[in-house]
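Chain naming follows the written order as A, B, C and D, and within any one chain the residues start at number 1.
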Amino acid sequence: MNALQSIGTGLGMALFGWLLQTTISGVTRKVIARIQKRRGPVWYQNFRDIMKLLNKRSVTHGWAFDFGLLVALAGAIGTAMFMPVAGIVAFKGFDNFFMIIYLAALGVFGRALSSGSSGNPLATIGVMRGLTQNIGYKVPYMLLVIALISYYRTSSISEIVELQRVSGWSVLVMPLGFVVAFISLHGMLGKKPFDTYLAPAEIASGPLVEYGGKQLGILMIAHELSVFIEVSLFVNLFLGGGATLPEFLLKYAFIYILSSSLGAVMGRFRIEQVVRFYYKVPIALTIVQILMLAVMRGGVR
Amino acid sequence: MTNSMNNVKAPLLAQIGALFPEVRLKKDRDREITFEVQPRDLHQVLTYLKNAGWRQLSMISCVDWIEDGQFELVYNVFDWTQGLRVLLSMKIDRGEAQAMTIINLFDGAMYYEREIHEFFGVVFLGNEDALKSLFLERWDDIPPLRKDFDSRAYSDKKYVKRFYDPVYGPQGGASFERS
Amino acid sequence: MNIIHLILGLFLAGIAAYGIGRLKPAAASWLTLAASWAALLILFLGGDTLAGGNAWGLLAFKMTPLGWFFSMTLLFVYSTNTFFNLSVPAAPTRQAAYPMLYLISLASTIGVFSAENWLALFIFWEIVLWSSTFMIGFGKPGRGSIIYFGMSLLGSFMMLFAILVMGTAYQTFEVKGALMAAAQSPGPALLVFLLMLFSAMVKLGITPFHIWMPEAYHEAPDHFAPVLAGGLSKLGAFTALMVTSFLPASTLMAQPWQVRGLPLLTYILLTVSAVSIVIGTLMAIKQEDAKKLLAYSSVANSGYIMIGMLMGTPMSVSGALVHLLAHALATTVTFMVMAAVARQTGTTRMDELGGLLHRMPITFLAFLTAILSLVGLPPMLGFVSKWLILQSLASQGLFLVAAAAIFGSIGSLLYAFRILSTVFLGQLKPKHRQVREAPAVLLIPLLLLSGVTLVLGIYPYGLVQYTAKIENSLGFADTVQITGLSIQGNNGNLNALLIMGAFAIGFLIALGIFLKAPKSRKVDLMDTYTGGEFIYSPELYSYSTNFFAPLERVYAGLPEISRLYEALANRVRDLGTLVQYLFFSPLPSRTALLISVVTILLIWGEAI
Amino acid sequence: MPKKERPSRFHPVSHTMQTVEVPTEKISPQEQAEAWEKIAHYFRANSLWMLNYCTGCCAIELPLVMTSQYDMERLGMMPMATPRQADILLVTGYASLKTLRRLIYTYEQMGTPKYVVAFGPCAVNGGIYHDAYAVLNRLDLYLPVDLYIAGCMPKPEAVMNGFKRLIELIESGQATGWKDYERRFDWYKSNQLEAVGEVYIHDEFHE
């Protein structure tokens, strides 16, 4: 694939990711509404929200406020371009795990910079909570994936997907790891028990406190894209990533709706509980999983 | 009056009667006693009650008896262990409306006295902070809860009313004019 | 024009600077600037084949690719910092010694990197130590310079002892030869390697020896701290790499104890540097003062460098070298920015600062690039090195060390945001409203260094190619491969230009959406959502003290290393009092008894 | 039209000189603007975000409207935490003097286009508090009200009908309260200052 064609597929992948995730989050809002015994909005409600926001005239707090926002969206789009979905890979051989994690982290840092520069201490507290939580769920998650990488001896996502088709899904390789990865994914998506950084009641929706109009619209697009990245990364690494598109969509929808409906029925943790939880349960499970992996597979070499 | 409070009230009434001859029992409800107190005895009675267990000053309220030209200050203290509430009712002249502050006995009294000053105009000697305004922002009239304050007149003077043309019924009605 | 002329020239320039400094301090700063930039030019043009030469048979020099890489890094840091000296206000008379010490320490660093025998290396190492101790304590020799000198002395003595052991055991002081001999013969090889590595760890600031860093960096004067933090800690990395490059071929490898294909010794040292990352990050998150926070982040980053070197695979060593350069550039920029902030606002305590982004935008941009590089995010050089190190960790399967490396990289996000948001973002304090941008003299080095970090981050291939050349010169079997525009990792490859391209495309799309939507209304900083309440005092309206309270509470109770040293110091004091009680007591009888016992032992000691 | 400057924190607005930022419509062919405006109206009408700020006693009816029985999310409406994100400012019940200062401050923090919905008679003519010394008798002198919902505490059905009516107003482009606020800014400001004396209050608790 020459350069232009691969960039084209990459952009197509990013657009597909945004459309897919916005639709599914619209459907999920309906599912959550049904859980709460009400009817919920139409499935394309998120599209309408984003388009309304892009037509609103809101407020800016300086060039760093907007620059950080553009970096956030650029990081999300850039990472989504590399994501392999059902066999379609934009940049063959370059979609390795560490690069995706760090480019997504650039998006997170852009968002932190922009909400920090809004001047509202509520936003800084929200970002502080988000980063504290981030360190909680990222360490076990990345450790598990490193165990996977050293097991499959490759860190390129698309190769891992092929290998899983041959030797069965990674869920069978590391069942405990799957559970921990799901808990971390739950934290990454910011679903209910772990949405302390977005707590509307305590810190007025945390980092989003000063966003409105097009800033909030851009941030929602970046959020949808980063959710697409996290969930499809999870599906590719642990659930075999789908040979055909419908299979991938099915797994993707199942994981996201399961995580959201879990969130719908749980209360919100305090920030200390989140930190204490993440430093006990997932890390212990990960260590047990790695030891099991080392023992069962006779050394990972 | 046979209720559980007897064994608490009896010693209290006896003590108060003995110590403070002028203090008169005004009302004796089931869990609440009201004493009539003179301004000069107030501090002694409050000190005695505080030592006897009535540690919490629930509130100070003020009643405006405009006909006999007096303010009635009611000090409301409560004892959590015995569950009996004691009210000390004290009449002060409405004209120069002055009373001694009790913030040295109960610190909490600061904001109660400040509120009474704002809404009734009672000056509490010894508590300068109470002269500042508390709730009403930029108030420009006499203290609003005094009986001689006419709220309707103030409202008519200060706020623009909505004007309805006198024709009521189906064809008339309020006109939300938006010029 | 060989190395000796270069070093001698710098020494003479130093002395000349002292002379001139007494008369006109400004001229001395210009002289240091000229001298250091000239040295940079000479070394750059000379390349790594600059003629060696030896003086009086003892001080022999030879320029190797490794030496060239390290001297270029140091020289670049030193020369960009000379711009800084220009802006120092009229220094008091005793400051005149500063340019001299500055140039002498510069000359001796080049001496260390190009020395051919251990004695020359140790002599120059000591000169660096002495000159930097004086420069730290300029004006007020406080606790920082004493601790710095004490700990560095410990490291130097360890190195001296190792050199002498090598000298006696293998009868040669030649750097490569002695290490080669040590690698072959079992003899004192273990002792030599350990001592050399410990002395390197002291300079780099790895865990047990890191307590001097926060004190020294905090106390160093503003115009010397960037060099101390960015440059001088790299000396330790030089000797560490010399030693670790000989480890794979050494007898230690034949030891029965193997963990994941690594000798037990290296695995223990790997764990120590992993602990250093974790402790550096946790302590950095807790700090209230900006310079101390950056000092602890240097502790964490030295841990990364140490891990890269100890693992010994071609990719990890190249990662370590790239991380070394990235850390040097980034730390110099951050300390220069903190110096600029301190000059404009008078303090580096984070809770007194805030909102400086609006008054010092260029300084903020330079600081942002440096922080991104320290954290290791894509457009910057720090990402390339962290990627290399993490790749090699994953393929080697070292999970404990990988966990610490990940904790370090995500933890760096935390303290990077802390320093960024308390100093630059947030509310601008009224007393800082008249703060102007840093003087132009200060902005040149800032933009120069952050520009290099950005450019190398986008196009790192030349640099990684050079690290491959260094690996060849150090005797590694195979080196890190680069085909076209992608660095070949053993389980995935990295194309930094492609990542930047994807990011740039994303940025253009975001900009398009941003410009298409209706224009936003600019609002002041204080006009934010305050729950409908009216707040007028920006000082109270910012969140900066004990920033990560929930996280700090989790690891509040852990013991600190400095308490361990205090306990050690108390034991030594007790020992001292005991000796004084025995030998210098007023009662003559006790001392007479002891002297007689000692004499008896001396005379008939063997018989017993 | 001279460019008007928003009242800002550091130099509180003086009574005489008020400035307002009138959005400069890009002078593009008229029909194209209209067409885009119609589409924008569709999006604005179907995704209304309500500011979670309960000023008076009618607010107790809102949880009913939000939860399972009446579920306003069907109409695309969600309660939001900050005025920056919100489109609708609900004045639920009476607006006292102190609340009006906060209402004005919050209203000016919202992004345009924004709408004000007033609940019950208290916003129309003071309702049962018409003779109270602290309650305002006509809200539309101080804030442009787009919709009144009748009922001294309007039932949830009335609230839902009110929101339906608001959606129709927005879709047909009649809900232009915010434009009116910017066009007649001086008139509104003088009313506000006359009633409230000083919007950005400075006293012992707000130093």
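As a convention for this text, a contact is a pair of C-beta atoms (placed from the backbone, for glycine too) under 8 Å apart; a residue touches a chain by one contact, two chains touch by 3 or more.
Note that the coordinates shown come from a computational prediction; the quantities given were computed from them, not determined experimentally.
The chain pair with more C-beta contacts between its two chains, of B-D and C-D, is B-D.
Most remote from chain C, judged by the distance between CA-atom centroids, is B. Chain A has its Cα centroid nearest to the centroid of all protein Cα atoms in the structure.
Spacing of chain B relative to chain D, judged by their CA centroids, is 38 angstrom. A separation of 57 Å divides the Cα centre of chain C from that of chain D. Between the Cα centres of chain A and chain B there is a gap of 59 Å. Chain B and chain C, compared by their mean Cα positions, are separated by 70 Å. Looking at chain A, one finds that residues 55-59, 204, 209-210, 213 touch two or more other chains. Annotation for chain D: residues 23, 82, 84, 101, 109, 201 touch two or more other chains.
Those chain pairs judged to touch are A-C, A-D, B-D, C-D.
Of all the residues in chain D, the ones that touch chain C in their complex are 6, 8-10, 21, 23, 53, 82-84, 101-102, 105-106, 109, 200-202, 206-207.
On the chain B side of its complex with chain D, the touching residues are 132-133, 135-138, 141, 144, 149, 151-152, 154-155, 158-162, 164, 174, 176, 178. The touching residues of chain D, when paired with chain A in their complex, are 23, 40, 43-44, 46-47, 49, 52, 67-69, 71, 73-74, 76, 80-82, 84-85, 87, 109-113.
The touching residues of chain C, when paired with chain D in their complex, are 518, 521, 523-524, 526-527, 529, 532-537.
Residue ranges on chain A touching chain D, taken from their complex, read 29, 33, 36-42, 45, 48-49, 51-52, 55-59, 200-201, 204-205, 208-213, 216.
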